[in-house]
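Lettered A, B and C in written order, each chain numbered from 1.
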Amino acid sequence: MREVAIVGLGQTPVREHWESNLRDLAVTALRDAMEDAGVDTVDGVCVGNMLSGALSEQEHLGSLIVDYAGLDGVEGMKIEAACGSGAAAIRMAVKAVSSGLMDAVGVVGVEKLTEYSGKYSTAALATAADADYETTMGLSFVGINALLMRRYLYEYKLQKEDFSIFPVNAHKNAVHNPNAMFRHAITNEQYAKSKLIADPINLLDSSPIADGAAAVIVVAKENISRYKGKAVDILACEVGTDTLAIDNREDPLWLRGVERSAKKAYYVSGLSPKDINIFEAHDAFSIITALSLEASGFTEKGNAIKFAERANIGINGTFPMNTSGGLKGRGHPVGATGVYQVVEAAQQLRGTVASPIQVENNKIAMAQNIGGSGATVITTILKQI
Amino acid sequence: MDIPRYWRLKNQRYRLQGKKCLDCGNLSFPPRLVCRKCKSRNCEPYEFKGMGTLYSYTTIFQAPDRFDQMAPYMVGLIDLEEGVRITAQLTDVLPDDVQIGMKLEMVIRQIYEDGPKGPILYGYKFRPVLKF
Amino acid sequence: MSSVMKPARKVGIVGYGSYIPAYRLPATEISDLWRDGQDKLFLPVKQKSVPGKDEDTATMSIEAAKNAINRAQVDPKKIRAVWVGSESHPYAVKPTGTIVSQVLGIVPDTVSADMEFACKAGTEAMQAAFAFVGSHMADYALAIGMDTAQGRPGDALEYTAAAGGAAYIIGPAEESVAILEGSYSYITDTPDFFRRAYQHYPEHGNRFTGDPAYFKHITSAVKNLFEGLNLTADDFKYAVFHQPNTKFPQKVAKMLGFNKDQIRYGLLAPHVGNTYAGASVLGLTDILDNADAGDRVLIASFGSGAGSDAFSFVVTDKLKESVGRAPLTQQYVDRAIKINYGKYARWRKKILK
């Protein structure tokens, strides 16, 4: 097996891209990453996307994007794992390169969620859950996370306001990320007064629906000198799974998919949670950030908020999190999100983000992308070279 | 109109029919072809009684398209007496009267109408146990 | 005059069950909205039951029939007929009975049909069930009268058009909690109240719905029943009549020679409104909840269009042990969550999103 690295990064701003379609977003990010890497072609393209069929009436994304990116004849396929589609696509690229089957693979995560009305997008996003037994019972995707949050508050005797630490941090960092959707800070008071979406989850617990695309070029580490872009080591990119429906889990407050994925990633990289300098968490909802911190082994069960308060998750804290705004601040173009996370973590390791959000002395970054309510989890660990 | 699904799932939606593993006795809902515990495929249909307690709940204010006419409404995770947890809407109860741990019983209600021309989907919901 | 109707073998009610939705709309809400309270001293009922936004005649029939099966302790597979009488079937074409039968595990070896005869569709279903079991074609039949009635906003009927009803397992006399003595049905073509196809709300003949319709048909059916069975009002412990409001059933009881004591149970309209096809059959469940062995009970329905079915039952000693196996009707009456006109209008699809 060969070691792998990232040599090219690309991303579009996360926005409501009324003027752009799926392919234009994807091609922009992919070609930017190729330019960054200094390549004019790749051996294959993995497209991370969840809802092109439901919201753009467009499947068969692989060949479409390869064609429009000017990569005539190159192999391309779509990878789908709900909100984990982006990192799942990276995982496929890593497999292809480390196995020796390919030398350079372009990964592009792309999503366009604003083509239809909100209610329709809400229904489409809910397809990440069990269609026969969750979604047709009226559960929305926010609703699933609300059930988890309600139980979390109950079991650990917490107040809803305790969760404000995560979105407040995310927004604070997003101010300095030009590609972020929400470049404004929020306060604890705003959080407390925010409108309920699915009780107890409010608007400021929820990452916004958005459009965007991000891309990386994955190559064999032994070949990094061939490329222009500054390389970042991929120490691990590992997948863990769990039941699709949260009711089928013995303890819904313990994300086994996260645990499995993180443990594999620590094992493969030879690292432990203590070695992680920055963490890009999948903060689609505040509750998921908490559950992810616990099941990833950063703190014990039920202790995520205390941990975050004590460790200080800000840029100058001991455990900086979601340094470019996370899903909450940057936005959550679902199938692209996992790639954005890795691009942002790689930028941190390259030292190329805006100075207010540049973490000093960081060598190891971890990004965790969660599909559905934890049924597919991809944990990626990157290292500065 | 997902009529075949409507028809196919009627024993699940009307009668909480899951599966019982004949090798290890493990119960499952939804029904599974492979037992989660012992991986046996030797399973038979099993009907749950429909009595349970509330594990968690939420009020959905922004509903998916086909549930828009019903919103806001409540959804819960219910621990059935037989030891299986399921997801269902809560009905005939006001949000202020709902508590984790409360006793619930299954009733059959409209889940949604598939527009004014389509079929009406019926299935299980849960309400506070009617004392008698 | 024709003779009273009696089946070939003795039959009766083996189990009964009721259902009333939890929600109530006070009549004052309607009065305030449409008449600035002008009629608040003359309201036909105190309040009416309103189905939840996820309820209809099928779901309500299911719960009532579950209660009836629990009281009857009959294997659902032995029920060979499911007849649902209602003027508010959820589908125009597709039987409510198949949904009820599937949910209750009665399928597939059964007949089923939806019946419609305005407010007497429930007793019509009972008549058919008595005949079916009485002819030995089956041992058990399920008859349901259930409605989620709709009144035009601002119309007099809006005060009363309510939701609820009852289900009966009809079976052999030996197993019955109340044995049928005989019945009499009386119909004429009298257009006192009707709803044309594709219309959402019914039309009615105002005061014409009284004498030539309600009173004429009920008194004719009951008097013929009395004569055929050689009985008078004095022979009955209890009686229940169709109850479109609080006044009519009390007046018709008096016309037929019943006193207030005999109608003290089953007169539910003041608290739940007019449950249409469910009204008289729901009233009967309240009587059965409270009756003793040997009591003779009269039920007379009325359906616009128009007709009346009258039945005489004698309660057996099997009743007492069966009552506690399901909720009492009074418990459903007491389970009352008050709502305002706005909620009611939305839930009943009078305003659409």
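Basically, a contact is a pair of C-beta atoms (placed from the backbone, for glycine too) under 8 Å apart; a residue touches a chain by one contact, two chains touch by 3 or more.
Since we're looking at a predicted model, the values are computed, not measured.
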Category of the chain touch graph - line, ring, star, complete, other: line
Chain closest to the middle [Cα centroid of all protein chains]: B
Separation of mean Cα positions, chain C and chain B [Å, integer]: 31
Geometric centre distance via CA averages, chain C-chain A, whole Å: 59
Two or more partner chains touched - positions in chain B: 68, 70, 89, 111
Shared interface positions of chain A, touching two or more other chains: none
Of all residues in chain B, those that touch chain A in their complex: 5, 9, 12, 30, 36, 55-68, 70, 73, 75-77, 85-89, 95, 100, 111-112, 121, 123
Complex contact set, residues of chain B against chain C: 10, 14-15, 68-70, 89, 91-92, 94, 107-111, 120, 122, 125, 130-132
Contacting residues of chain C [partner chain B, same complex]: 22, 52-56, 58-59, 62-63, 90-91, 99, 102-103, 105, 324, 326-328, 331, 335, 337, 353
Chain A residues touching chain B - in the complex, by the definition given at the top: 118-120, 122-123, 126, 130, 132-140, 142-143, 146-148, 150-151, 154, 196-201, 245-248, 252
